[in-house]
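Next up, some structures in structure tokens.
Both of the next two complexes hold chain A, though its partner changes from chain B to chain C.
Moving on, here comes the complex of A and B:
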């Protein structure tokens, strides 16, 4: 067993090496090309820094949402395609509350329009002056509601959709999650309609524009808020996993569920905690994403989902740190790809990176060190 | 990866004999074909009755039935192609729509008239090749895309393949949307994918092309080009229908004729995939599905088998894309969203993966009750109610609800049936996975040997007759 395993591993390595070498070569070429663009002035340094900032922000959202996906993927052993729509659900519920509070519960606009996040262009976030400075209470309340409602949703779906067939294996669960995703997405569409709404009053968000060599790089307070929220939550998850008994139990479960069960870990309770943590982070990620980019649409979560999958696979399924780092890499890829290729392909580039990772290193960058 | 798979292996051996009969909802059908036939007749009867009850004009009713046949054929074909991937080989392909898009777009590029000579003022032209060449090209392109997806992905677990294929289908959509590929000069021809505006498929009516192609042997006999089209189709068929529908009968006949062509293709699909399934090649595919390591150990290069199976299925999906979208006059990239993949998966799971007859039945049930059904239902109810004005948003529909008036809510629900039917499909999929994961006919076990190995069941042994 051991011998044959090491033989196949060795063979795999030989097969993989030219691939890895080719990838490194491509990376070097791209880097040189970027340098050339910077030197010839085709690409401004400030412009590049702007892209990198953009990518890091996006990456934080992807990483935050990816933590939940990565944890459920490793503990329950299935790819949850409904995860993207948890993001959408969190965003809509949170923004509904933000609108209600910012609109004075019907004082500034029809209460129904507020609750439906201005469906059909009836109310605009800009008109309500929604941003972190003008309406901090509305934003915070929305953030909390987004997190808690998504927790409730995740628990509800797990209890009634996933739990009854949990023993059937990963693929039936995956197919079920696709059903959940579509049901959820089109229910949201049914209630909130298909318009893309502007949610924030972007003009009055305080920002600084530090001068970097050849231009300015705008940094808004929403960027800062996203860094604080996402960074804080990520640190929180780190301490939870490393310092608490629950974290230890979770790590044990993702390593070997049967072993965890015979050592007396209450697996069902751990699974519930996983959904609570994952769901909460996902809902908050959805809310923060909308606050940061300033628009909200029923398709947002789905469009983000594949990038999140890319991040989770890149980081190694089950690894929380991998998900965060993978998120940053994927976010950076999607944002900075426009340096080399037309902007229409930026998102495609992130998917290509994911496929390349699957080919070169299907176990992810942080494999074998899951959550530890 | 194989640890999780091998855990539920012994289930299959305990299969009881009773389950192999065609029993559905307590009704005993003599065999699967009979069941399929009953289903189809029932569906058409239901649509006919629905139309007659609300007094739909004859023309409208015929259009509905023609459309129904079209959708049944389309989804049955798609489910069959997917059955080759998932049912036979165990390849979890959820990027179906990407292969369909590739098929129809490449056909468009190859067969559109050369720039400047087309009937419409399209911003890009094509190569002006005959449509049949275009179709072959489209299928080949879909197969090549399948190869590109398969080469890296087939070594991976099923869920990774799922993510790769769906990512690929989105990459295809983004590429079709991009401005960069929207127009280019290739060997002096101004061709392109049209970007977000899509492409106009002005290569002529596919139906006419098919009939004219089928007419080639007759043309030799009668010495007239397109004899079947001019004399038989236009001269006899359309004329005959013209007595029932006086003004402009051709679109109605076209509808039915095209659906008939699709049903013929569906028959071809069925035969092809059944032949593949029962061939030595197909046996290896099923072995790969059950246990790839064992198949490998028996000396079969499973990767090659998987790639071949994947490419054949992708080519068929490309063909379906061409037949489905090729008649609509134009295509836009955003048509090819993942929900089309979702449709096909539901159709397959309703029918039961692994069963060809089941796939066709699943396609028919999906088309009749989940896809076309709600829309038809909406038409019927709206006609009965005299086309009332529905509230334009959920809020406006909600407001009267507090006063006990549920009518606006019902109207809004009816008006948004296209969104709600996807919600319904999701619920159906969840229900199926909970209650009937094997679908209608997917629970069958086929024996690998050419003679039955089970004991005659004259007297059922008390221990079940198993001696393993």
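Moving on, here comes the complex of A and C:
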């Protein structure tokens, strides 16, 4: 292809798809600016890799939690705004158990303080030495409880809140879910108080610091544990959807619910399984998020929910694979945005990217609809 | 042809004691043709519709074991509504529907399918995002395992489905989707298959093929109740036909008799 031909094609792109052309232009400018920063030493290569790692980790959490949101959207046809507070509920319940076990059920601190995850600064995770190496049992038990309790919570709320209005359509369900979100969030606030607590003994988490050209990129065991847990669960969901009878029925139902019913698929049972799988993943995502970042607060899930929605919409709402990919893109954007803009705007950058991608590809990265 | 042991774990097997379909007892309001000595489906005085809107009034209909029955009539006559009502997809307003020994009048589709009754809706009748094979597997969802014999039979009957089994159903042509929908319903080896306009939207050369396939399915022992827009061809091939007008029975007779009836020809078959 000759130079003149590329120019012509470039001109065609500008004329036919001005928005896409503008996006490409902005992308090129940002890339050049990043190169400039790297060359002038304003930005260290190791620093950039650190940001990318951070973004991928965040992306895994967002993706894992996004699977549940996307699943319930595709099968129940409503956006569940309480999803963020399922994350928080999972995190608090799991960490309560982790504190209790790590604190020897009252041996090392007041049992009530342990159960309330050190409300009011009464116990600190650091003092209990909580991490995957020192207290593996406490962490695993917390992980399991976070998953199971969130399953129970999701089933309970579905049974008493969503099921009675299942046939009323997406909007009443959505509004109900906003109410559920508030109720849950303030219940958690009431019980556990509003303090942000440090949950892990971050200093003693084993890490490796590989040297990359101009500095080190720390990789901790908690990073590794998150990759293993999130990656494993995502593979599990893929296997479930593609290979198992239940997974195929879930895809069938998200494709066409009335046809599924005619075919003899027990739709209520599939809905229950969807809450079980989605709820479990969400609770585990909440627990892992806290283990990874080392702090826990009553509105963690709510704040994360906005990014999860961005990820799910970006990936093509209703698609599980889209949620995973969208999660990684949003996570990466939110953390690498600080290369160009002040960190206070990093979250906004994630939404800007979402909007820009949707301008170029309105159906999302994976064109919606299928749970597949 | 299935025996009585078709999936019946969830079958509310009521009234299994006394019911013996007997021709003399059936009363058809529309005509005096009494050919129901072996009736497996009997619809009596059925009133049904959607929401508050009543479409069917006092509809009577029978299908005998292994029989091939068609419903024809003008647009809006309620032909498809009869099918949907039998399968529990409309609002029931009166009358009864009996399938073999079960009263299925107010049963839900997911329960009816356990009894050996299959339904192929007219439009959007495949799961487009699932593969051809997965669609067929879904047809046998209520069974513990995918019945390999039924799957092989379906593949034998519709070789194109075997060829395309790993392809997404949404990428199939209209005719192939229709075959897939039928194949999916046949996975449970039903006693009676309800077909809603199987030739709708097919190219003319495929219509004949589709009717041949239906003949084959019927010859293998499955009773058919079919709604068809393509009335002449349907009546030529079926055993018995019903003409439905304004949600009521108008005529009922052997297919060829209806086809040759001057009144029916003029009113409903375009002369």
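Everything below uses one rule, namely that the second predicted complex is superposed on the first by the 348 of 372 C-alpha atoms of A that agree within 3 Å, B and C clash if a C-alpha of one lies under 4 Å from a C-alpha of the other, contacts with A are read in each partner's own complex, and residues count from 1 in each chain.
Following the convention adopted for this analysis, contacts are C-beta pairs under 8 Å (C-beta built on N, C-alpha and C of every residue); 3 or more make two chains touch, one makes a residue touch a chain.
Treat the numbers as computed from the prediction; the structure is a model and nothing was measured.
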With both structures lined up on chain A, is it a clash or a fit for chain B and chain C?
-> fit
Who does A:252 touch here: chain B (first), chain C (second), both, or neither?
-> second
Please work out whether A:265 is in contact with chain B alone, chain C alone, both, or neither, and reply first, second, both or neither.
-> second
After lining up the shared chain so the two structures overlap, which partner does A:354 touch, if you call chain B first and chain C second: first, second, both or neither?
-> first
Determine, for the superposed model, which of the two partners chain B and chain C contacts more residues of chain A.
-> B
Touching partner for A:28 - first (chain B), second (chain C), both, neither = neither
Check whether A:169 is in contact with chain B, with chain C, with both or with neither, and answer first, second, both or neither.
-> first
Give me, in Å and rounded to a whole number, the least C-alpha distance separating chain B from chain C in the superposition.
-> 9
If you lay the two complexes on top of each other, which residues of chain A touch chain B in one and chain C in the other?
-> none
Listed in rising order, chain C residues that touch chain A in their complex are 87, 89, 108-110, 113-114, 119, 121, 124-130, 134, 137-139, 141-142, 184, 188
Can you check the complex and tell me which residues of chain B touch chain A?
-> 4-5, 7-8, 92, 94, 152-153, 155-156, 158-160, 162-164, 166-168, 170-171, 174-175, 177-180, 339, 342, 345, 349, 392-396, 398-399, 416, 419-420, 422-423, 425-430, 433-434, 437
Listed in rising order, chain A residues that touch chain C in their complex are 245, 248-249, 251-252, 254-256, 259-267, 369-370, 372
Counting only contacts in the complex, chain A reaches chain B at residues 77-79, 110, 112-113, 115-116, 119-120, 122, 161, 164-165, 168-172, 174-176, 178-187, 189-193, 306, 309-310, 313, 342, 344-345, 347-348, 351-352, 354-355, 358-359, 362
